[in-house]
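For reference, the structures are reproduced in the following blocks.
Both complexes below contain chain A, partnered by chain B and then by chain C.
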Partner chain A sequence: MAKDVKPTRKNLMAIEDRIELSERGHGTLEKKRDGLIMEFMDILDKAQDVRSGLSDDYEEAQKKINMARAMDGDVAVRGAAAALQEHPEITTEAKNIMGVVVPQIESSRVSKSVDQRGYGIMGTSARIDEAAEAYEDLLESVILAAEVETAMKKMLREIETTKRRVNALEFKLLPDLYDSQEYIEQKLEEQEREEIFRLKKIKEKKEQEEKAERADTDDEPESGDELEQATAGGLPGGD
Partner chain B sequence: MSARASNPEYVNARVRSRRAVLFADEDYRKLIRMGPSEIARFMEETEYEREINALGTRFSGVDLIEYALNRNLAKHFDDLLDWSEGRLYDLIGRYLRKFDVWNVKTIIRGIYTETPTEEVSTDLIRAGELPDSTLDRLLEVDEIDDVIEILGGTVFYEPLSEAYQEFEETGALVSLENALDREFYEHLLDDLGRPQEGPDALYVEFLEAEIDFLNARNALRLARSGADLDPAAYYIEGGVLFTQAELSRLVGNYDELVDHIADSGRYGDRLGGALARLREADSLIQFEHAMDAALLEYADTLSSIYPVSVSAVLSYILAKEREVENIRAIARGREVGLTEAEIEDELVIL
Partner chain C sequence: MSQSQEIAVVGSPEFTTGFRLAGVRRFENVPDGEKATDLDAAVTNVLADEGVGIVVMHDDDLEYLSREVRGEVETSVEPVVITIGASGSGGGGLREQIKRAIGIDLMDEEANADNQT
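Moving on to the complex of A and B:
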């Protein structure tokens, strides 16, 4: 609160420094917020495409595996899946977008050629190949969606945090600082006016005292003459 | 090989009665309109009654239907081997060895993934030559090299032993599975020569077609995948459509490969429509479907021309397999919500 601040010049200078810093910070954070929003909109577009692609890939994979289970039998499909030897690997690296650390996910051994899936080619059918391929595509889509949507969530969190900071500066901190500044300035002005008035009063009083002193000093010599005159004239008080 | 005289007349007489109860087109049309539980009830009133009832306490829904179909298939083909003697037994046995291949693969996959023995046992189709006792021993072991040891004395022992080295290096089952499949196909035409007429000629022609279609499928899959593989590793001797050198060359050029099949005098007409769709759609599924239909048609021709021969028995084997696959396709298709039209497109019916 403004009235909690001691109205001194030193505090006024400190508050003015804080205002300058806060205004600079406010400007920077606003730019950061706007930049993050622009990046977020790009990622949002990408995330929408990726999510839609993911749904399509899921439908396709379900359809293919259903056909494979129907035509080749559930036992054959499970058997082919059981032969899988190499499992996909995922590595993550960090990427920086406007100060937000987002993951970059790299995958390997997701898409495989027909000889890398582990099942014998002679004893299986193209249906199983197509079902496996569809699930590999789905897995690639899932990995991409994980990367993009995680980045999106982190960006969103950062935008919220930055917005809160901008708003806190704009609607709380800076107004309080301005209030404090105004209060101190007013108080200092008031003190100055009082000081001036006080000094003026002191000056007036001094002048009056000096005047009075001067007046006293003039009176004293007049009394001595009067006494001489009285003595000389036989005034009572003389012989 | 059985030392007794062959008995095709007896076996074919019994096969004819079995063939009479195979599902007809109208049965499939009824099934397509039913849900999975209705299909199971329908099957209870047919040839599959015993299996549905036996497995009904352990399974339900489409799993019940699939396991019941497999068990019924195994029973029928076991009966064929029980009835057959002499050369007929040998010829049927070598064809049914595909189920031994399936079973050994299933057991090896079960060991690889540490699947419980009971689950693996349920997935077996006991329709091949290997006796139940051998399969039960295989189910008890925990290591793949123990499986190979138990198969000592069978045709699978050597190829599996050779492929086991590659398995140890790569950790992938593909070498073992390919070795099993190759062994099955490469022995199909053993000691048959190339007869020019009679039932054996048609039988050989059918087996050649099966090998040619397998080579074509593998070649197309390899070509489409773009994988850097040695096509020779997947070539099966015995067909007439490709030589090994031709296949190696054609795998690198998808369009030329399709043209080569289309230009074939033996198969061009039967597969022409499917090849045209293959060029447009770039999906092998319809092509495989067309090959299955062509094989079924081939087999049906065998039974009508020489009704008292191994050809007729082979025709029944394919027809029974096709019935099982069609019913399974309908049941699974209905389970996952495929439309009637989509299911009908996938059925292979004469």
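Moving on to the complex of A and C:
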């Protein structure tokens, strides 16, 4: 990349501007990455609590439904499940954590009273009610886990992207720019040295020319005297 | 983003019945014997449904998914897939993603416990 740029002062100034901007961007992105990791750590703690709660709720719900199946039969449990009329719904709102939009999930109609469930009280047993209640609790945990895990996934993506940008700046863009800067500086210095050398040569040549000229002008009057002497001595019987 | 969505369950009839008892009406029943062939299609179907906000699956069922669908399940955000079951780790995908993004396995409980002591 360094050799692709023209070694001119204009390009050097442009590269210096880009280096300044990239260094500033690198610093900012590093801060963003660190901030995101800190936020992520908080969410991770919460996620682990939610996860263990989810496992407990699932085990409990499994026990309850197995009991209902054993005592009332699978058909009765499936029949009750098919009769449900109230269905849980979720609505999501956006929340912004350091530029990452994460959802806030709100649920409705998850926990229901016995009469809201839709299956008759007479045809079913308390074990089915207990199983339904346990699964409603499990659904609440699932919704909470979904909120936390979505936030985690989104933040992880953002962390990865930011990390990649930081690395690209640190290991690719900035070194290339420094190389280009060094290359242009060296070339300009070389050009300057050549220019100085050329000027010195021109100066030397001019001095030599001047010297030669001066020598010529010094020689001219001497040849004039000789001529005069020659004319004076050469004509003895001139008068 | 503030639209009403549903919860969906995918798995064996034994797995989905409990959730249906809690009122979940969007479900895909795939009997154990057919999981190897039909689970991919069931999961893809649910993931493509815009009315679904959360998909619940059993941890063990991830083994039956093809590599492509499994990757989709592990990284999907809308809808988000929650796996529950024996391991309780939330699927290997999240753990791998954490390792890749942060550089440390933060979900390694043994290592974390060692660090704390």
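As a working rule, the second predicted complex is superposed on the first by the 231 of 239 C-alpha atoms of A that agree within 3 Å, B and C clash if a C-alpha of one lies under 4 Å from a C-alpha of the other, contacts with A are read in each partner's own complex, and residues count from 1 in each chain.
Everything that follows uses one rule, which is that a residue touches a chain if its C-beta (ideal position, glycine included) is under 8 Å from a C-beta of that chain, and two chains touch if they have at least 3 such contacts.
Predicted model, so just to flag it, every value in this text is computed and none were measured.
Under the clash rule set out above, the superposition-derived model of chain A with chain B and chain C shows the two partners fitting side by side.
By the document's definition of touching, neither partner reaches A:22: not chain B, not chain C. By the touch criterion defined above, A:51 reaches chain C but does not reach chain B. By the touch criterion defined above, A:11 lies against neither chain B nor chain C after alignment on the C-alpha atoms of chain A.
Of the two partner chains, both chain B and chain C are touched by A:82. Comparing chain B with chain C, more residues of chain A are touched by C.
When the two complexes are overlaid on their common chain A, residue A:90 makes contact with chain C while staying clear of chain B. When both complexes are overlaid on chain A, the residue A:37 reaches chain C alone and has no touch with chain B. Looking at the shared chain after the overlay, A:130 reaches chain B, while chain C stays out of its contact range. Looking at the shared chain after the overlay, A:167 reaches neither chain B nor chain C. Once both structures are fitted on chain A, no C-alpha atom of chain B lies closer than 10 Å to one of chain C.
Taken together, the two complexes place residues 78, 82, 86, 117 of chain A in contact with chain B and also with chain C.
By the touch rule above, chain B contacts chain A in their complex via residues 62-63, 66, 70, 101-102, 105-106, 109-110, 112-113, 115, 123, 170-174, 176-178, 180-182, 185, 214, 217-218, 220-222, 225-229, 234, 236, 283-285, 287-288, 325, 328-329, 332-333, 336, 338, 343, 346.
By the touch criterion given at the top, residues 37, 40-41, 44, 47-48, 51-52, 54-55, 58, 61-62, 65, 77-78, 80-82, 84, 86-94, 101, 103, 105, 109-110, 112, 117, 128, 131-132, 134-136, 138-139, 142-143, 145-146, 149-150, 152-154, 156-157, 159-160, 163 of chain A touch chain C in their complex. Within the complex formed with chain B, the residues of chain A that make contact are 66-67, 69-71, 73-75, 78-79, 82-83, 85-86, 113-123, 125-127, 129-130. By the touch criterion stated above, chain C contacts chain A in their complex at residues 1-7, 13, 17-25, 53-54, 56, 75, 77, 80, 82, 84-85, 88-90, 94, 97-98, 100-102, 106-107.
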